[in-house]
Every structure is written in C-alpha cells, then in structure tokens.
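In what follows, structures are represented as structure tokens.
Shared between the two complexes below is chain A, which has chain B as its partner in the first and chain C in the second.
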Partner chain A sequence: MRGFLLRRAGSLGIVLAALLFASFLIVRLIPGDPARTIAGLDASQEDVQRIRVALGLDKPLLVQFATYARRAVRLDFGRSFVTNEPVTTLIGDRLPKTVQLAAVALLLVMVLSVPLGMAAGAFTREGRHRRAEVMFAAVTSAGGALPEFLASTFLAFVFAVWLQWLPVAGSDERLAIVLPAVAISLRPIAVLARIVRVETLNVLAQDYIRTARSKRLPARLLYLRHTLPNVLTAALTIGGLLFTGLLGGAVIVENVFAWPGLGTAVVQGVLSRDYPVIQGVILMLGIAVVLVNTLVDVLLGLVDPRSVIRTA
Partner chain B sequence: MIPAGSNVGHVLRAVVRAPTGAAALGAVTLLIVLAIAGPIMWGSQARTMDVARGGEGSSPEHLFGTDRLGRDILARTLTAARLSLGLALAATATAAVIGFPFGAVISVLGGRARAVGLRVIEILLAFPPILLAIFVTAIVGPGAHGAVIAIGIAFAPNFARLANTLAATAAGRDYVASARVIGIGTHRLLTRYIVPNIADTLSISIFNAVGSSIIAVSSLSFLGLGVQAPQFDWGSMLTEGVHSLYVMPAAALAPAAVIAIAGLSTGFLGEALARAMNPLLWTAPDGASPAVVAAPARAPVAAPGGPRVPAGERPLLEIEGLTVEFPTPRAITPVRDVSLTLKKGEIVGVVGESGSGKSLTALAIAQLVPYPGTVTARVLCLRGEDLRHASPRVLGTEVAMIFQDPMSSLNPALRIGLQLIEASQVHRGLDRAAAWQMAVARMRDVHIPAPEARMRQYPHEFSGGMRQRAMIAMALMNAPSLIIADEPTTALDVTVQAQIIDVLHEINRTHGAAVLLISHDIGVIAEICTRVLVMYAGRIVEDADLATILRAPAHPYAQALIAAVPTLDLDRARPMDAIPGRPPDLDALPVGCAYAPRCPLAIARCRTEEPPLEDLPGGRRVACWVARDRLLEHHPG
Partner chain C sequence: MVRPDRWLALATAVLLAALVPFLSPGSQAMGAAQTVERVTTGLAGDVDTFDPHRTRTTIGYQFAMSMYDRLVSVDANSKIVPYLATSWQVTPTTATLTLRNDATCSDGTKVTASVVAGSLRRLGAPDTRAPYAVRTFGVGGFTVAADDTAGTVTITLNRPFSDLLLGLAMPWAAIVCPAGLRDQDALGAKSFGSGLYVLDQSIRASSYTLVARSDYRWAPKDAAALDALPKRVTYRLVSNTTTAANLLLAGGLDIAGISGRDLDRVITNKTLARTESVSFGTDYLLFNQAEGRPGADRAVRTAMAMAIDREGYNKAAYAGQAKPVTNFFTSKVDCFNRATKDLVPRYDPNEARAALQRAGWTAAADGKLAKDGKPLTVKVLGYPAQNAGPEYLFEALQKVGVAAQLQVVEFGTLTTIYFGSGDWDVTSFPFGPPMPSPNTITAFVSGPTPPNGTNLAHIRNEEYNTAAEAGRTTTGVGRCVHWVQSQAVLLRNVDVVPLVARVTQWFGRGLEFRMFAESVIDPFSIKKRP
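Let's look at the complex of A and B:
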C-alpha cells in the first residue's frame, strides 16, 4: 500500500515538473522574437524591451526557467498585461468558479450515468429486449459524440431563449449554473452509461451472480450489493479519463455561458496575448487534470479488494 | 484466412445495409459535394452584405434569415463547408503525420526508452484535447493555421498509441509468422497480410478522427481562437450566432446543426465501415445468451402413473418428464424427459459426459436455467411443493447449490462472512449477530480454521479448497433439505478433491440434507453416492444402486463409462478403454437411441426407435433395447 502511494507520488512529481516546464515554454516557443510578437508589430522598441524584461526573456534559458520555477512554486505568475492585476488574484477569483462547475457536472454524471447504465444492463441482460438495446446504443452514441459547445447552444436555445426557464449567462443567479453544468455532463453521462451497461452485462454473466441468484436474494441486494461494486471498479478503470474530460468541457462551456472561471480567462488571455495569465491558468488547469487522474488511480487501488496493493 | 477488406463493393454493400451506415454515407457524400461546390454556388451570396436588412427572420429570399450584416445565413453555412472540412482534414493529416511515426518508432525502441515513450503518450492522452489545443494556440497564435496545428498536435497522441498497438500486434500474429515460414516476401507480407488486417482499424480511427477534428476545429473557432474574420467556418459562424441567440436563433442553430451532422455522420460512417470490414468483431453472437423464463405453468398435479413413490413415505424430490429447451439459434433440447426421485437424506450421483444435460438438470431443479431456456415438467416437486411456483424463501432455504468453480462462484468484492449470512438474514429474518454466529458454526462444520477471522476476509485471500469449503458452509446456512452440488471438485487438486468429498459426506450425515452430486467422474461419485443416474444426450439412460452400476452396468454406455475408470488392479499391459466416438450434437440427434452410433451392441431397432426408460428387474431403470431383452430373459416375469 505504502509502496503504491509512494510510486504514485513519485510519478505525480515528475509530471508536475514537466507541466511547469511546458507552461514555461509557452512564451519561449513563440516563433520569432516573442517580445516583439507579444507587443505587436506597431509597438515601440521600449515597449518590446519592457515586455522582454518583464518576462525575463533577456536572460539565458536556464536562468529564465529557474526564475520562473521559483516564482511559480510560490504561485507568483506576475501581473496581467491587460489589467495589471496579479495573476494569482485572478486565479484565486476564477478557480473556485471552475471547480464549482466541474463538481456539479461530476455529481450529475455519477448520479445519472451509473443508475441509467445499470438499469439498461439489467433490462437487456443475456440478449433480452434487443430493441431497447439498439435504442440505448443509438442514443448514447449520439450523446457521446455531441460536443459541449453544441450541447450548450441547443440547451441555451431551448431553455433560455425558447422556454425562458433558466438564465443564459453569468454566474450571479442561483440557477445560472444549471445549463453549463448540464452541457458539460451530457457527453460523459452518455459515455459512462454505455460503459456501465457493458460492465453490468459482464458482471451479471459471472458465476458469483449465479451463486447470488441461487440464494434468491431480493433484486435490491442482487444489484446493489453483488453487482454495483464490481461494475463500479471496472467502469471507473475505463471511465477515469472522463473526469479530466469534464475540465476540458468546462473550459469550452464557460465561454458559451460567460461563466467567470479559468476557461474564459485562458481564452481571453490567448486572444489578448496576455501571457502571464495564459501561463498561470494553463498550469492550474494542467495541475487539476493531473491531480484528478492521480486521485482516480489511488481511489481504484483502495476500492478494489483484489488489487495486490490491498493485500501487500 | 485473411479477413475481408479488399473487396470495396462488398464492403460498401455491407455499410449501406447497416442501419446508420446508409444515412451516414449519404450525409458524408453530401458534405464532400458541398465542400467542392458550396463556395462556387453560394460564395458571392454568402459575402453580400445588406446592412439595412440585417437580422431578418426567414423569408422566401433568405430561408434561414440574415445575420447582423444582412448576409444570407443558409448561403454562408453552405459556403463554410469547404473551409470547415478542409481544416478538419488538414488537422487530421497533421495528427497522423506527427502521431504515427512517433508511435511506430516507440514500438521498435528498446525496453526502457519504450516504457518512457509509452508513459509520455499515456500522460498526454490524459489531458483533454481542447486543453492541449489551447496550449498550442497560445504559442502559435489564433488563426486558421494555428487551429490546424493545434488540433493536429492535440490528436497526435491518439494516433501514436494506435500506431504503437498496431505495429506491436499485427507483426506478431500467427498467420504472419506462418506466411513468413512458407517463404512469402516482405513486400507481399505487408500488402497481403498485415495491411488488410490493420486497414479496418486504421480506417475507423481516421474516420473518427476526421469527425472529431471537424468538431474540434469548430470549437476552437467557436472560442475565437480559430478562423478569424473575414474568413468564416461553422465554428466562427456559431459564435456570431450565439451572440444574437435571442433575436435570431437561426444564425446559431444552422451552423450548430451542420457541425453536429458532420461530426456524427463521419463517426458513424467509420463505425459502419469497421463493422462491414470485420463483421466478427462487431456483431454480437446471436442468441448465445440465455435467463430464466417462467416455465409454462402446468397444473402441479401428478400425472397418471406419477413418480415412483416407494410405499410409505413420499420422496423428498420428485421429478417427472423434466425437459429443458433453448429456442435459439437452432432449437435444442439439452434435457429430455428426465424423471427421478430423491429420498430424504439420500446421496445420488448424476454422471455423464459434458453436454449430457446433467448440469442443466441441476439448474432446472433450482429454477436457475439461463435465458432464453424454458423448463417444462409433468412433476417438479420438493417435499410435495411445486418448485415452479415456489416462493423465493422456499427456493432460497430448501435448495442450496454448490457450483463447480469456487474461484469464480464467490463475489470478489464482498467479504466471505457477508456472503454467508445474507441469505439467512433475508429468508429467515435473523439479525446480523445471530446469522454471524451460525456462519461461524457452519464454517467449523466444514473444518475451516479460525472461522471468525476468515469470515472477515475476501475470497481472493482463500485457497481454492478453502473457498469450496466456504461455499459448502454457505449452502448449509439455511438448513436445506436438498443440496445440489454441480461438479464441486472438478476445479480442485486431487488431494483437495478428496477432502471436499469427505466434507460433503460428513455434512450429509450430520445435517441430513439430501445431496444430488453431479460429476463427470464416476470415481468421485463412487466415493459417497448410494445411487447413480447415468445421463446421455439429455436423457437418463440408467438408474441403479452404486454397487449394481459398478459391478454390472446394464446400459452399454454405462458399461463403457465403468470400463473407462482406471482401477488399482488395472492390468497395465492392456490399454485403458476409452469410449469410441463423440457425444452427438444436440441439434442433430439421431433417430432412435442417441447412443446407437457409438454402441457396439446396437441392433436395427436401436436406430429407428428410441428406447424408453423402463423399470427392469434388479430395482433399476434402463433405457436400452438390448439390455432390456437381456435382463428380462434372465429374470422372466
């Protein structure tokens, strides 16, 4: 168990270092003279020089990285070129908004896809109800292919413009989170429900389910106690990537619904060439992805009683 | 054999036959035509501004209305097809050009470098593509070119992993090795053997990638990071449209619908193509899948002539005319007209080759025949109660099953103790503590040391023999009157087998449960059974005392089974008897006796008329014309 956690922590460290370096490279990889590109072609020589110094571009590469890393570890990414506000402040404002959105979406995914997938699996087990199976497959594969920005557009049109039930933009109203969260979660719900159905079928075909049936347990115990844990471990192993996908979805959907999170910040940053903001936000999003991934891995290690880790 | 892949016509026909295939093929064809013709036909109309008529709704002139600058939305949507699809194709090509070589190179690298390369791919894959794309856009700057590079790089890890997997597996297949052995050259090997076999995977991945690229490029444009004005693609049109969603929804809905159609149809076409090229991979095995269907409810009254009821006491288990049928794919009847009785506390063995129907007979008694099998019987009673209409409580307490493979028959996610006590809690209303105490006692009965500690463990912490002991303890929990043990020792070591048989014997004596022991191994049955049923091709062919069966089996099949058992006084100079021939296919049973084709004693009647299972002298039942004549001859009257 400890060995497993240590290995996980070690690889987490390496990936975080790589992320730090990648975010550092964003500015250095800009073709031509980064300072000139950032300042714009009509900028004065002084402005270009100012940006060069502000970004530390006038020093040797290794020194640059050392400085960048030292500051980044203290969460200091400098000040926004546009607002002159510290990037840390911006992240402090925006990060909770993105986390809130992703968390609500995650909740929706777990609460909806697992029961849906299991119900579909139980209903179509052993080749029963072929038609329902075909319908389920069609709906989930269409849902799984519908990108977040289209889902957002359709949802906004139906619920905000047409029915006028929900607000379409911002985060001030209580219900404003509903549409963006639903838009992010639709695709993962479809994909995970599909995976859960297949895993449910697999589990229901196992000998131990036959044993449980031979004991004439009520359906509640058969499905919740004997089937669900085995479905979940298998489904999470395959579906772990979906959780990081939620963050990608959030970045896009925030822009549709003007949700003031990291996603709107990074897109604004790219459009206005605000590199301190870009670096800080991309590093934050990257760290979030890596942490979520590691968390899923560790959870699986803890949950699955068969894993070697548990017995060691 | 080389899976089909070369015959284009055949594949196309298969694609069109698939439900979504035809629609997807049509949509993709339309998109391609649109990409070529769109700008030529509607290009100038799409750029004609008429600010005075901006933001109008649908009219005969402008079917979908106009945008803010008075440009026709339909014309713009159709014109944008070329740029949207072109960028998606370019992005896919970029991804393939970066990803394929990277993955292929990694697959030929040495151990450590390969491990590192694979880990890098894996980590990149963990990042949502849109984040990678934004990262790249931040470097190369927003714009159409930037979008192509960004999406290309974002999708490259997918292609790298695919190339790596394909390169590793394709070259290692058996038919490639054998082609090499018979001297087929490398070029021919590649074109005739390897490429056709990875082509389906490649085509589906490329089609899916184009579909995903359409969506990804659109999403970048939608965020404002892709195509910039005055150029326009569907994504950038959607952005404009969303800004005016309240006033002119068509400006957003038209490009959104087209993106959705383009993305979905490309993906579906990829799937349909893959299915057409490799039908084996995709079509679910038809009807290979069974669950319990309620047996046709027949009146649970004993048929005339009923089961053989010994004078005095009614038997524990009475079965008459038990038949199990499966309707698909070809109707088969793996259990035919089985009649048997089991007295209280009796241990009866059922022996037969695999496919003889012995396990299904067991499952039918416990009402566990898998879907879509159906069970019919004239009589199917336990303690006089019809099992087909028995409550879960009766079935869950009176009948207990022990299955063949203790490795897979216990739930790996649940502690042993919980699995032992749950049925008692459900059916007998015991509280947790009482059930737990009883489970400890039952674990002791089957000689599991330190039962309390063991019950807190998971199945994977048990050895095979210990698991089977736990299964037996579990079967004992509700004090069943009948234990059905289906090949309980087959999956175990020989030494463990003997222990399990001893345990079964012991619990039969101490708990008084009757045991129906199913085995293909007459040696196991000879250890503890008092009576033996021999099954062949779904029927009982002989039913007699153990001693009778061992000393003087009457049915030729039973004789062959006994002769095939190695004994200690076996003459090693003589080759051991094996039963010649194979068991019959259940969907092609011969007319007459099913054993006749393998039977050395078969007479003409055996091949035309199926012998019934008849009571014969010596207290046995036999289904054989030859044995019947012989036995009746020796014991006339």
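Let's look at the complex of A and C:
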C-alpha cells in the first residue's frame, strides 16, 4: 500500500511539473505582442518597449520560465499585466465561484443521472421496451453531444429572456446559479445516465439479483438495497472525473452567464494577452484536475485491493 | 335652464382641471427634472485601473469622467466648454485658466489652483507613465504655476502644442485630489476626485457602484440638470454581447452597447431608446509604400482605391451597420474637413483597370496585370473582427486584374506584421484615436517607420508634414486652416483612403444619454426620457 501511495505521489509530481511547463508555453504560443496589445496601436515604440521591459518580456524565454517556475512554487503568479492586481488575489476571489458552480452542477448530475439511468435500465432490462431503449439512447446521445455554449444560449433565452423565471446573468441573486449549473450539467447527465443504465443492466443480470427476485423480494428493496450500491460505485468513480470536466465546461458557461469565476478571467486574459492571469488560472485548473484524478485513483485503490490501479 | 354664473363656475373648474398638471410643483411641464434613482450599465470589459492618469482603456475613462472633474469639457457640438475653469486664455505655448471657487474634493478639500497644478504635474511626470499625457502637453515638456489668490493656473509648454486646451478636456486630464497624490498606489482602486460620483462598492471583475455626491454643484456647462442625474450608477461587467442583450431585454441592465447579430432583437424592442455612437476615427485603406512595394506608386494606389466600394466594404465588414465616409476623421473631430468628397477616388472598377493599363500594366493571358514581366501582386492583410471585409478587398482587387493574396490573422499577429515584418500591401486600418484631435493621425502617416516608429505604411508626404506642423503650433482660427489642409493633402495623394466610420448602438431603458467618445457615456447626460 505504501509503495502504491509513493508511486502516485511521484507521478503527481511529474504531472505537475509538466503542467507548469505547459502553462508557461501555451501562453507564449498565442500570437501577438502583449506589450503592443496593452499599449494600443497608437503607442510609440518607446512606450511599447518600456511596457515590454516592465513585464519582463524582453528577457530570454528560459529566464522567463525560471522566474515563473520559482514564483509558482510559492503560489505567486505575478501581477496582471492589465490591472496590476496580484493573480493569486484574482484566483482567490474567483476560484470559490467556479468551485461553487461545479459543485452544484455535480450535485445535479449525480441526483438526476443515477435515478434516470437506473430507471431506464430496469425498464429496458432483458430486451424489454425496445422503443423506450431507442428513445433513451437517442435523447442521451443528443444530450451528450450538446455543446455547453449552445445549451447556455438556449437556456438563457427561454428561461431568462422569454419566460423571465430566472436571472439572465451574474451571481448577485441566489437563483442566478441555476441556469449556468444546468447548462454545464446537461452533457454529463446524459453521459452518466447511459453508463448507469448499462451498469444497472449488468447488475440486474447477476445471479444474486435473480435469487432475490425468486425470493419475491419487494422491488423497492431489490433496487435500493441490492442494485443501487453496486451501481453507485461506478457512478461515483466517474463522477469524480466528471467534476474535472465540469471545471473545463465552466470556462465557456461562465462567460455566457457573466458568472465571475475563473472561466471569465481566463477568457478576458486571453483577449488582453494577460500572460500571468492565463498562466495562473490554467495552472490552478490543471492542479484541480490532477488532484481530483489522483484522489479518485487513491480512493479506488484503497476501496478495492484487487484494483489494477494499485499495481499500475 | 343653467344660470350664466353656473356656466362660469363650470368653465373655471374645467380650466383649472386642465391646468393642474402645469401648476403642480415638480411637474415636467414646469421644467423640473425627473429623478433617476439607480441605473445599471453594462461594461464590455473590466477596468484596468481607477487611476485616471494611468488608465489605457475607454472603460477606465468612463470611471475617470464619473469620479473626477477636469478643467474644461467638450460639449455635443465638439466645442470646449467651462468646467472647473470658468475662463481661459490660450497661446501656442501657454494656457492660463481661471478656476471656479466652490469645488471641493469628496473628502472636503477645496479644489484650489495649487491642487489643480499638483494633479497636472503628476499627469505629465515621467514616473507616472500616463499613456496619453503627451496628447495634452505635447512632447517638449511643461511647467505649471498656480496662483491661489487669483484662482488661476498657468501651463507653459517648452514647445508649441495647439492641442493643450482640448487635451485638458480629455478624461485622462482628470484632477486628482491631494489625498490621491499622497497615496498613489490607492489611486488604482479607490476614488480621490472632486467629481459627481464617488466609488461606493467595487467587486473586482463583477460590478462597481458609484454614488452621487449631494453637495456637487460644479458640473460642466453642458450638463443636464444635476437633480435629474442618477443618484446611483452600477457598472456591471458583461463581456458577452448576447448576455448583455439578454440582460437589457430582461431588465437586468438599463444601458448597454449592443453590436453584431444581437442588434436586431434589441432594436425592435420599443421600450429601449437607441443612441448611435460614432467613432472619432474610421477604418481606412492603407497601402504599404515601402520601397519596392506596389503601393509606392501613386497610380497603383489610386487604381486600387477605385476598385473598392465603401458600401460593399461596409456590408462585408459590418453588415451595413457602419457609415461609408470620405474623410478619415468623423465630424466629431476638431477641424474636420467637410469638403473631402471629391478628393477620394470614386468607385469605378472599369476605370481602375484602365488606369493601371495606362500606367503600363498589361493584361496577361489569365487577365492579371503585369509590368516588365512582373505581376501586380499585393498582400491583403486583415483580422477576424473585420468579418468578411478583408475577403471583400481581396475580391475587389482580383476583379480589376490585381493578383491579390489574402492573409487574415489574429489581431496580435496583425500588430506584429504592422510593426514588425511589414509584409503587407493593402489593409483596412482600424484607426481609433483616443481624442477628437486631427493630430492623432500624425504618428501613423508621418515620421519614423517600424520598428522605430508607427508610420506603418511608409508614407512620405512633405505637404502633410508642413501642414501638420503648422496645425500643431498654431492656436486660434489659423489652427484649423492648417489641419483642414493636412487632411486634404493626405487624401489627394491617396496615402489614406477612408472607408467607413464604426457605429456602436447604445440602448437605454427609459433613459437618454450622450456618448462622449465611442464607448464612453457622458455621466452628466444620463436622464429620464421625456
């Protein structure tokens, strides 16, 4: 067990180092000169050069990386090129909003997709109700392929502009989280519901379920006590991975709903070539994804000693 | 039968009833203002800093104009009007301004001549790194003298600069109060002005709320009645235009600028009043005149200009929402030359091709023009925000026999090509001057070329240089004579070919307002629609 944990910690370190390098390199691949973007088209060359020096962009790439890496280890991502605000302050202000959005969305995913998938599995088990199965497959396929920006635009137009039931954007009102959370969770709900259905079908085909049925166990007990726990293990495993996906989806959805999280920050950062903001936010989101994935792996390894993860 | 006195009483009662709305205190008919308690305005991007001297964005200017006063302002007719200064005397190297004596900072400090001088010194100090200080004081340096007894401030320039007074009317020339000068780091996050509003709440990257001062009495001369202005203004960050349109329609925003595909559904909403905002500058055609480039030949420039239809470009780049123009400035700019229609090559593709053939370019078998065996090849450079504009230029040039090549790049790359490699021949340049001065184009059409300067088209027009220098150093009536001439010579030499003026549509829910600049609302103009 100790060896397993050490191996995971080692690979976590390698992944974080790669992430650090990638987040530095990615922003440098964005075309254009951030100093000129900040200075404006009508700025003199002297003005542009002065900004370039002030931002440290005149130094060789390796020197810039060394400075960035040294600071990042201390969680100091520098100051925004545009607002001069420390990036850690910006992340500190916005990370809770993104996590809040992702957490509510994850809750929606788990609460809706598990019963939906189980119900579909029970209803269509052993080849029953073929039409319902086709319908379920079609709806979840479409839902799984629905881009977040399209879902966001549609939801905002129908429920906020047309019906005016929910706020259009922002985070001031309590209900403002509903539409962005639904927009992010639609795709994972569809994907997870399909997985849960298949898992339910597998569990329902097990001998112990057949035995339970032969004993005329009530349906409520059959599904809640014997099926749900087995289905839930798989759902929770995938749920952890989905959470990391939700963080990515938040980047687009936050912009549509003017949700003041890391997503809006990174988009504004890209538009204004604000390297420190882009690097800092990408790194934070990356770390979140890596940590959650590692946590899931460790939990799986702990829960199931036979898991291949332990020996991988 | 009704007695005559009863008729009289009835008539009097009817008359009084009809007059009641006019006699009641505070009614519109008596001219008293309708109070606006709270206004929420959409911001397309976040503010970079609240420091009025250091901000580089129009959003920063919006806050500077709301929280700080200036010595003078510019009214709707582009005329300079009194603000903190009630009168002034200007020469090419000096400006003496007499201040009003009732203005106070939000902390109660009196706005004296010394306070004003301190703020102006900070604006022009190299350490401040104010991006547009040079637009106010010129490049030669300056001194400021204050006379608190007489209430006058005298600015003396080391080199003549005719934009001094206009520059003092711009948002970056805001007067910062002594508390702000003492704590310059705090200037970026708080308000230290004598302006109408103070910053009440700041939620970074989300919303900013300003509250009107109850003791404010020193608005610019063209301001709306002070009691009609909003008591509380919240600026809400909504960077997505579709979201801004949704908020506007659902009542989440009272004022917002809308563009693109969302415009139609907002325009059709009858509860929203529209205000058109035209930029100071325009999108104009530039030809790279560097040695060896086709654009170095005036005949080629003229022919290529004749191949382009402004209306066609407008449809391709702005879905017809911009305005075709014949000057590279719009009428909001000081010394605007109105007689430019005949100076710009008229759209005539047949004549364009014929003109090139007269200049020695002959058609090859494929219809493309060539001279001495060398085809007339030009690189058309554009960026995605111009939509199909670059494609239109490409097609139009192809049609007259030019072997055009199209390169549409991201804006950052565009600036790298403009100011770096210089590998382009034709481009629609998005000229967006920060102030309505004819001097703003000078750096783009004269002086050093990249990488040492911003004369990206390598223009060498001595007539322009002479006229512009005279315009920069002359005040009074003569100033505009030179600037008007400078516009004419650039157009006549086909150095710059105006295409369209960008128009932004702003909407107000039951409100009317004036745009100070393309995306800056005059905070002294927001009031209820009559």
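List of remarks:
Here is the rule we go by: the second predicted complex is superposed on the first by the 248 of 312 C-alpha atoms of A that agree within 3 Å, B and C clash if a C-alpha of one lies under 4 Å from a C-alpha of the other, contacts with A are read in each partner's own complex, and residues count from 1 in each chain.
Keep this in mind: a residue touches a chain if its C-beta (ideal position, glycine included) is under 8 Å from a C-beta of that chain, and two chains touch if they have at least 3 such contacts.
Computed from a predicted model, the values in this text were never measured in an experiment.
Once chain A of one complex is fitted onto chain A of the other, the partner contacts of A:226 are limited to chain B, with no touch recorded for chain C. In the superposition on chain A, contact of A:40 is made with chain C only, not with chain B. Within the superposed three-chain model, A:278 lies in touch with chain B and out of touch with chain C [touch as defined at top].
In the superposed pair of complexes, A:82 makes contact with chain C only, with no contact to chain B. Once the two complexes are overlaid on the shared chain, A:270 sits against chain B while remaining clear of chain C.
Annotation for chain A, partner touching more residues between chain B and chain C: B. Looking at the shared chain after the overlay, A:94 reaches chain C, while chain B stays out of its contact range.
Once the two complexes are overlaid on the shared chain, A:58 sits clear of chain B and of chain C alike. Once chain A of one complex is fitted onto chain A of the other, the partner contacts of A:153 extend to both chain B and chain C. Within chain A, the residues touched by chain B in the first complex and by chain C in the second are 30-31, 37, 153, 156-157, 160-161, 168, 255-256, 267, 271, 273. Interface of chain A with chain B (complex): residues 15, 18, 22, 25-26, 29-31, 37, 125-128, 134, 138, 141-142, 145-150, 153-154, 156-157, 160-161, 168, 206-218, 221, 225-226, 229-230, 233, 241, 244-245, 247-249, 251-252, 255-256, 266-267, 269-271, 273, 275, 278, 282, 285-286, 289-290, 293, 304-306, 311. Residues 30-34, 36-45, 47-48, 50, 82-85, 90, 93-94, 153, 156-157, 160-161, 164, 167-172, 255-258, 260, 264-265, 267-268, 271-273 of chain A touch chain C in their complex. Only residues 45-49, 56, 129, 131, 188, 203-207, 236-240, 242-243, 246-247, 249-250, 252, 409-416, 418-419, 430, 432-434, 440, 443-444, 448, 450-454 of chain C touch chain A when the two sit together in their complex.
Note for the complex: chain B touches chain A at residues 19-20, 123, 125-131, 134-135, 137-142, 211, 215, 218-219, 222-225, 238, 241-242, 245-246, 249, 252-253, 256, 259-260, 263-264, 267-268, 271, 284, 287-291, 366, 368, 370-372, 392-393, 395-396, 399-401, 403, 405, 408-414, 418, 422-423, 426-427, 458, 460-461, 471, 474.
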